[in-house]
Each structure stands twice: as structure tokens, then as C-alpha cells.
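Have a look at these structures, which come just after this line.
Next come two complexes built around chain A: one with chain B, the other with chain C.
Moving on to the complex of A and B:
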């Protein structure tokens, strides 16, 4: 036997070893990516599961309920198309409640931003006692909304409330105002409360932006001969634009979603004149036992809020890019 | 010259006005809580009590199941805050450190999670927990509060973790730490301000939560205090001095917590959103 029996590697064999190597590499990659996937699940899984199961799933459940025939005890008896939506839109109070919601959200958000700006400027300036004012601003924010609403209920009490008794002592009114008795005064009271509890958070957001503006900018503007109004217009406002935008968006969500304030202060009354869509969702589900309609209104609400936020975001592309 | 001397005075004047307006309702609450029964309903009303009834704070414990409500709030708030931090912190660390395919999608889910409030999906929540048989349990309140605060905490913590240089974790690995070990022993202590801010925000928000408890809890003895005190209203005539004494007891721990992080509130709030 000669030496040359060892077979020369054929092209076929070369190909197969290369294949093996590729396959081995692929296996390693899959193993690594599988290990990576396990890592992702371990680190992110619990948080994402909680959000999926308790934040996102209820939306699915609400949509399902809104297209279903629901018994008084809450059991789904089958698909009933858009009946719930039709019933809801046919309700005589429906348009009024949409209008009231728009009134509530727009007045409170505009009022809040209009007051938060000067307040943030004040808290950013240096003066003796600033710390005390900053602490005071925290109080309405830290207090439960239900508690603040209870205080307002007492302050606007017909006979003993500090508002009526002070107005009478000052001679501004002859007899007490029944604040809870008609829609205009009830709304006045609610909107004051709404702005009162929303201002602190917005103020702190804008204050955060003001504090990040370097003093040199103002110094430079002053050397260039700019007065306080001019430097506010061309330095402060543009620099705090993103934060103001953020405050508007967060307020829109918060005020639109407010339930405790209205429910505790007026209970939606007198009549239904201070009901918003959210208190009405509650009334429909637990007052009128109309779960299907209540779910339909919830879906309408999500679309409304989503729509409003989309409009605000699109109309402020620039601010949105800054947020990233 | 005169204007520079006048300015601090004007600012201080404005500060005093703002202070008074903001504090007024809470001042009225405190004074009412300290008045004896007949003075609460006296005309014209007194500004400060003529007879300081500190006993109201003692008597309120027998007027309402205040201790039970405070206990419920404490159990729900502490448990929910702890679990939220426990599951949100690793998620935030992972998102801050790693790049992977679905990261963008996860960030969007987190943003959605922040925009959706319990109020917005309350009917769905109610039906879900009814089906799970968890209505009228504190467990339900804990689960809901965890889920609705997770995205906020992940968001804030991610930005804190990003501000810590990657070399720190690498050094820990060289010293033989695992990922978890590096996070626990090295990174978390450095991110402590972020953890405290997130914990305080979650604590306050869970303590003050209203609608979920109103809806999911039927039994008066299982109510958290924020809802419990509003049930004074339905009872015969409202005894405002007791109601406000109870409210003060419930609010005090929160205000103390908030003022401890006052300095960090400004940065902490916007950290997640603008960086």
C-alpha cells in the first residue's frame, strides 16, 4: 500500500466542512440570541406583563363590552352591534355632557398655565421667604384630591362657609349664594378648585426649565440693552417652550381624567349640570346599571383624549422633537 | 437705583399673597378641625378657635374606623410601592444598558402606560377584577396601583441609569459581579436620588388614589383613608371638625415625605420626559 491512500479532500468535502462551520456558528448565534431573549424576559417581563394585563387588557375588555348585550348583573349575553353606542348618542343629556367636559378641560388647562407661568417666574426669582412659598405650593399637590374637594365643599357651605360669610361681611352680597344650587355657580366653584390643584405641578415643571437657563444669557441680553420684557420674550419663553408644552399635555390628560374633584364637590349636580364624561361613565354603570353604554362611553372617551393629544402633538412638531 | 431696592420688596409682597391664597383652604381645614362642635356652627364664624379642642383628634378615632382605614392605606401603599420598584428597576436598567430590536416598541408601550390612567379604563378594570373574583380585596388595589405606576418609574429610572457611565458597571463585572450584583451593589447606590424620587412619587400617588378604591372596594372596613373620609358625607349630618381632623391625620405623612425631596422635585419630574 502506498502512502497516498488518504483521500484528497474533494470540493464536496470542503463545502460540507464550511457548511458545518456555518451551522455551528448559526447554532451559537441562536443559542446566544435565545439566551439574550431569556435575559430580556427576565429583566423586562414582570414590568411589561403588569402593564399588558392591567393597563392594556381592560381596554380590550371595554371594547368587547361596548359591542355586547350586557345583563343587569353584568353578564355578557352576546354581540349586539352598535346598539350601545346608538343608545348612548340618543340620550338627551349626551351632547350637554360633552359640552360640559370641553368647558371643564379648556378652562382649567388655560387657567392653570396662565397662573403657573407667573408663579414659576416668581419662585425662580430671589426674595426673602421664597423657600416658604415653595413649600406652600407643594401642599395642594401632595394633598389627596378628595380632601381638597371636601375643604372646598365646607368653604362654599351655604350658611357657615367662609366664602359666603366673608362676602356678606364685606357687603358684596346681601344674602348667601347657594353655590351648589345652580350650574353657573357650581361650575365657578369647580373650575376654581380644578385650577387650584393643577397649578402646583405645572409650576414645578416650568420652574424646572427656568432653573436650567444659564444666567450668562440674561447678562448678555442686558449688555445688549434688552429690557426685562424683551429678555423674557427672546430668552425665557423659547427656553421654557418644551416644558410649557409638556405641562399642557400632562394637564390635558389629568384634567380630562379628573373624577374625585367633581364627584366629591358637586357629585355632578345640581341635576346633571356638572357631569363630565367620566362621572357619567360611573353614573351609567352604577346608577343606571347600563354597563354596555358605560363601556361605549369609555371607548368614546379614549378616542376623544387620543384625538385631542394627537392634535396638540402634531400642531407642536417642534416641541415634540425637543422632547425626544 | 430705587428700582433695585424696590424689586425684592415687590417680589416678597407677591410671595406673601401667593402663600396666603394657597394656604388659606388648608388653614380653614386645620382651624375647623380644632373647633368644638358648637363653634363650628356659629355665626359669624371665628377665624381661630376660641376654645382649642385638641380632643377632636382623639375623639375622631372612635367616630370613624380611622385606624382601619389608615392601616389599609399603609398596607396597600407600602406593598404597591415596593413591588413597583422591584419590577421597574431591573426593566429600567436593562433598557438603559442594552440595545435590541424591540426596544423602541417597548418604549412606546411604556409611554402609553403613562398616558392611560385608571380612570380612563375604569369599566374594563372593574369587569376584569370582577371576573378574577378580586373585587373587595386589598390585593386588587395593590395590583392595579403597581401596574399603573410601573411605566412612570421605569421612565424616570431609565434616565437616572443613563446618567451613570457604562464603565462603572464594567468595573463591577471585572471585580466578579454578575449583572444583578452590579445593579444591586454598585449602580443602585449611585442612583439613590432617582430611587427616592420615584418611590416618593409612587407612594404619594397610591396613598391619594381615589376612583379605583371607590369602585373596587364595597366594604367600609376595607377602604383606604382617601376614600374613607369622604364616606363621612353620607353619614347623617357631617361633623366637619372630625372629618377634617381625620383628613389632617391622613395628609400629614404625605406632606412630610414631599418636603423631604422638595429640592429634587424640580429635576426629578422632568428628568424622564426631557432628557
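Moving on to the complex of A and C:
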């Protein structure tokens, strides 16, 4: 038998085998992807379960509580519509606290970024002892917030604080200053500490971006005759834009939700003048024992924060795309 | 592939074990009655004393197991609230704000868990302060009482021989102390225990928080009392500087260091100050009055609350008899620097520690915050937040008390 007698594969046959192969391959892929899917679920399961248990469930409970009539001792007596929200918005102090929250978040976030940038540029430069300075900058971030707040409080204590005693010994003031005695100076103290503890993290985010900019870009710019300001404007800033944006968003969340700092330093006082919506949640729940209103404010707080972040995201589409 | 499956299974299995492990606690086996008790930490002595007490009790009663939970005061309200809303109330709780719990019908009256002779041994005004709706839901557990504390050395240096008995004398004494170079009266008006200051001055001016069921926070006597406190700061200038951000502990500390002549102190303050190394020679007197009323002292009472949810009321009764037994109860009160509520223990303490005797006397006629009103904690929180401004003089006493009154009426 010659080779030529062997039946030559027809186009149809080729097509069908190919089809079979493709189908077989597809089945294999489907099987594999199904198996992969099962595996993904198994792998993600514990994490998803944990998220559901510690994040989703409390949120559901919080929303439910915000629509419930809760007794002073904490017994849930049933649904009461939007009464808690109405009571909350009717509180005479509510508007002031919203304003205070806006003041707190905006000043600390702006102040933090404004300080983090020059600090990041400094830490990116080459100078002796840079490593030590880099570590030193991290300290305020590594320290627990309540500890920082306590140290700050003691430094500025009216009678025993090192600041007052030093100023008096230097003859700069005649009698001690009550740093937390009125709302303006209490806010100043809070904002300074707020920026102090937020700067390290933001600095490191920006520093990370600066370090990833290749030196060749600057060299090329120099060859093209760009000075330091021009290369900062045209290279550094655009290259670190996404990181700066990230620092702003993370700071917004952190500062908006800061509790320990304010609570330890001023307790929301004098009066209610340094309360933010976040500390007021606690005051409502465990001071006024108004658990329903407190839950309502928690919901309002999440919506507020979500809204602010959405605005920031939308206004920075470019940075958002870079993040993807 | 098999290896990854095996690993996944192992991880899931471990997670499942960890989860089920959590749910086995609290099971009741072999007929042992388990009771849970929550005690706030009053001092460093609290935890070791109660642990010893529970050990002693359990060795005498092997059919009862006591689960003791001690907790910081700062976390107490939160813990109670959480337990109530999640329906995990303990069997026993030491707490001051009993009325809201009683109003929700969560508590057992004293008669149900206390032997009759123990109940009748308790000081009557302490018992009646714990009544809600005619029932003794707040079982007296311990008390403290406030008085005017003065520094004897600073007084004689300023040429003063007697503590002030009236408001006018308080101002005069304060001015003499100031002239001798120390602040006269210690007054903290940051976010602090302003309910104690207002109570002491309004009661000694014939004012009240409530008249029967009606709140009388904005009564003229109370406005006068708050204005008087403000005048000590702004008109007479006899208070220590820096009061606007100070707390009770700040002025107590200052007093302990001889930095101020007078302060409203408490029976447990001498112990605190001595522990901090203070050597001030303390004089004690009733709080001064406006001249229109007999002197009244403020007493603060904490209650032993028995929850209706208890599965073992008999075990609770047995345990409470043990807790209030004269010897160990007096030891506990001595360790905490607090005043006992049973007359028999008061006699023991007065004999053992003569310094506490005058406070036990003051306690007999003392007055209490309106803790029998469920809304009191809400009012108290508002008092502490808002009245500082009135004392500092940035808002008016009348306005602040009027808004408190309307808050109280609308709760």
C-alpha cells in the first residue's frame, strides 16, 4: 500500500477534529475554571466570612439600631422610623459640631500634605545622617495615638507642663497659659497634634513615589536646560501626583475618624467646642445614653465620609486611573 | 493540586474549630450554679480583694461558681449597655445608674435576693435612694460623702482659725488666703464632675434637682448657686487659675500639694493624697451654706444590682450574704476607702479608722443625686459638658440651667 491510498483528511474532517479539540479544550477550561472557582471560594471563604462577621453584620445592626426605639438602658423596643434622625438633626449643637468636623478634617489634611511634601523632598535628598532622620520621622506614626495625646497633654498642662514652666522661666510669660481653656487654643493644640501624627505616613507615601522616579528623567531635563523648579513642576509633581492623592484620601479617612486624639486631649471640651461628629457618636451613646441617635449619627457619618471621598475621587479622575 | 485542597481543608477545619471553641464556654454541667458578677475597679485593691473573696466563697460552696469580671470605670457604661442590648446581662453588677435598668424591668428587688435581717441592717436613707417605683431595685453597696476640705497650715498662715460655714465666710476666707499668697478655693470647671459642685451649692441654698416628679433645675435657688460659683471665679477671684480646663483630680492634686486652701473633697480623698505622698494637714467641715439652709452633704452611692435574667437566684442570695458579711465587707470597704452601707459594718469602720467616723456621721443626713430617675445619666452628662461655660462666665447661669431644664422635661 502506497502512502497515497491513505484517505486524505477532508476539510470537514479537519474542521470537526478542530471543533472537537476546541470543545474538549473548552470543557477542560470550564472544568478547570470551575475547579479554580471552587478553590477561590475556599481560599477566600474564611476572609469573606470574617469580613461579613466583623464589618457587614455590625453595619447592618447599626443601621437597624438607627431606626429603632432604644431605651436608656439599651433595650431595643422596636422600629420607630426616622425619629432618631429627626432628634439628632433637631439638636441645637448638631450644626456646630458639623462645622467643627469640617474645620478639623480640612485643616489637618491640608496641613499634613503641606508639610509632608517638603519633608519627603528632604528625605529623598542625599545628606549625611539621612537614615537616622528617616527613622526619626517615623516615630510619631509608630507611637500609639493615645500615648502621643497624653504626652502632649502633659507638656501643655497648666500647672506642671514643661511648656508653661519653661516659658515662665525664660521670662516670656508672667503667668501660665491655659492651653485648653478656650475653644480657639484648644483647637490649635488639637490641629497641631493632628498634623504631627499624620505627617509621617503621608511623607512616606510621597517619598515612595519620589524614589521611584528614575534619575535619567532629571538628567534629560537638565540636558534640555530645565532648572530645579521646572523639573519639579514637570517631573516630580506629575510623577508623585497619584501618591499625593492617595495620601489625601487615606488622611481624610483617618482624620475624620480620629477619636483617641481628641478624646484624650480635650474630651471634646471646653463645653462641646472640640467635639467632632465622630466623638459625638461616643458622647451620645455613653454620655447621653441615646443609643438610637448615636447609631443614626454613625450612619450619617459614613454617608458624610463616603460623600467627601466621592467628591475627591471624581475631582481627580486622572489620579484615579493611574491607581488602577 | 491535592496538596492545595488538603491545605485548604486544613485551614477551613482549623477555622471551624476555632469558631466552635468559642461557644462552649458558659455551659452548665454537673449541677454547679454559675453566677457572673461585674465589679468596677475602684482602686488597686479591687481586683485582688474580689479574687480572694471569690476563692474563699467557692471553697465554702463547691456547688456555686462565681465568674468575676472587674472593669475600668471608663468602660463600665459601655459594657453594661452592650450587655443589655445583646441580652447578656450578668447575675450581679455594681453600678450607680440603676433606674434605667429598673425601668426596663431588668432587675430583681432587694427582698428577692437579700436576707431580711441584712436588708434591715442597711442604713435607711441609702436604701430609699435606691428605690424605683416603690421597689428596692438598687441594693446599697457602698457610699462616699463629700465635705469641705481645708488646709490647716495655709489657714493659720492666712490668719484664719475656723473653716467657713456660710457663703460669705467662704468668700472672706478665700480672700484672706489669696492675700497670703495661695488660691483660696479649688474649683474645676472643665468637662468634669460639675454635678457635684452644683449639688453642693444648690442644696445649701435650698434648691433641688427635682420636686417630686418634676424637674426644678432652673429654679431661682439653683441659678443663684451656679452664679455664686461663677462669682468665685470672676468677681472675687479666689479660685485657682486654669480652672476652665481643669478636672476634679487636678484640683484635688493641687490641694494635696498645698497649692490651694479649700476644696470640696470626699471621704476617700485623704487615702488618695497620702498614697501620692501628700503631707497636708487636712481639716474637714460641712459645705458652707448661703445662710438660708442647714448644711447638706452630697453622698454618692453605688448599688449592687441583681438581674432578673439570673438562672440561680438562690446562689445569688448565698453569694450576697457572703459579700456583706461584716468582717470581709468591712475589710473591702477599708481597702477601697469607701463607706459601708450596713450599720454593723459602719460601727466596725468607725472604730477601726477614726478618720472615717465624721464621714459616717455626715452620711446619715446626706443627700443623693436623683439616680432614681432613669434620665439622670443624660442630665448629668449635659451638666458636665455645659455648665463650665456658665462658671467661666462665657454664658449665663440662667440660660444654661433653662436649657438643661427643657432637656430634662423632654426626655
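What we mean here is this: the second predicted complex is superposed on the first by the 278 of 324 C-alpha atoms of A that agree within 3 Å, B and C clash if a C-alpha of one lies under 4 Å from a C-alpha of the other, contacts with A are read in each partner's own complex, and residues count from 1 in each chain.
Rule of thumb we're sticking to: a residue touches a chain if its C-beta (ideal position, glycine included) is under 8 Å from a C-beta of that chain, and two chains touch if they have at least 3 such contacts.
All figures in this text were calculated on a predicted structure; none of them were measured in a lab.
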A:104 touches, of chain B and chain C: first, second, both or neither? neither
Touched partner set for A:48, first chain B, second chain C, both or neither: first
First (chain B), second (chain C), both or neither touched by A:278: first
First, second, both or neither for A:288, with chain B first and chain C second: second
Touching partner for A:159 - first (chain B), second (chain C), both, neither: both
First, second, both or neither for A:211, with chain B first and chain C second: first
Which superposed partner A:74 touches (first chain B, second chain C, both, neither): both
Contacts of A:85 with chain B and chain C, given as first, second, both or neither: neither
Touched chain A residues, chain B compared with chain C: B
On chain A, the residue positions that both chain B and chain C contact, one per complex: 39, 42-43, 46, 74, 159, 285-286, 291
Sites on chain B touched by chain A in the complex: 8, 11-12, 14-16, 18-19, 22-23, 25-26, 28-29, 32, 40-41, 43-45, 87-88, 90-91, 93-95, 100, 106, 109-110, 112-113, 115-117, 119-128, 130, 143-144, 146-148, 150-151, 154, 204, 207-208, 210-211, 214-215, 226-227, 229-230, 233, 240, 243-244, 247, 250-251, 254-255, 257-259, 262, 265-267, 269-270, 273-274
Chain A to chain C touching residues, read off their complex: 39, 42-43, 45-46, 49, 70-76, 92, 158-159, 175-176, 178-182, 186, 267-272, 283, 285-291
Residues of chain C that touch chain A when the two form their complex: 4-5, 8, 11-12, 15, 77-78, 80-85, 100-101, 103-104, 106, 190-191, 241-242, 244-246, 250, 254, 259, 374-375, 377-378, 381-382, 384-386, 388-389, 392, 403
Chain B partner contacts - residues on chain A that touch it in the complex: 36, 39-40, 42-44, 46-48, 50-62, 65, 74, 119, 122, 125-130, 132-148, 150-152, 154-155, 159-160, 162, 165, 169, 196, 201, 204-205, 207-209, 211, 242-243, 246, 253, 257-260, 263-264, 278, 281-282, 285-286, 291, 294-295, 298, 301-302, 305, 309, 322-323
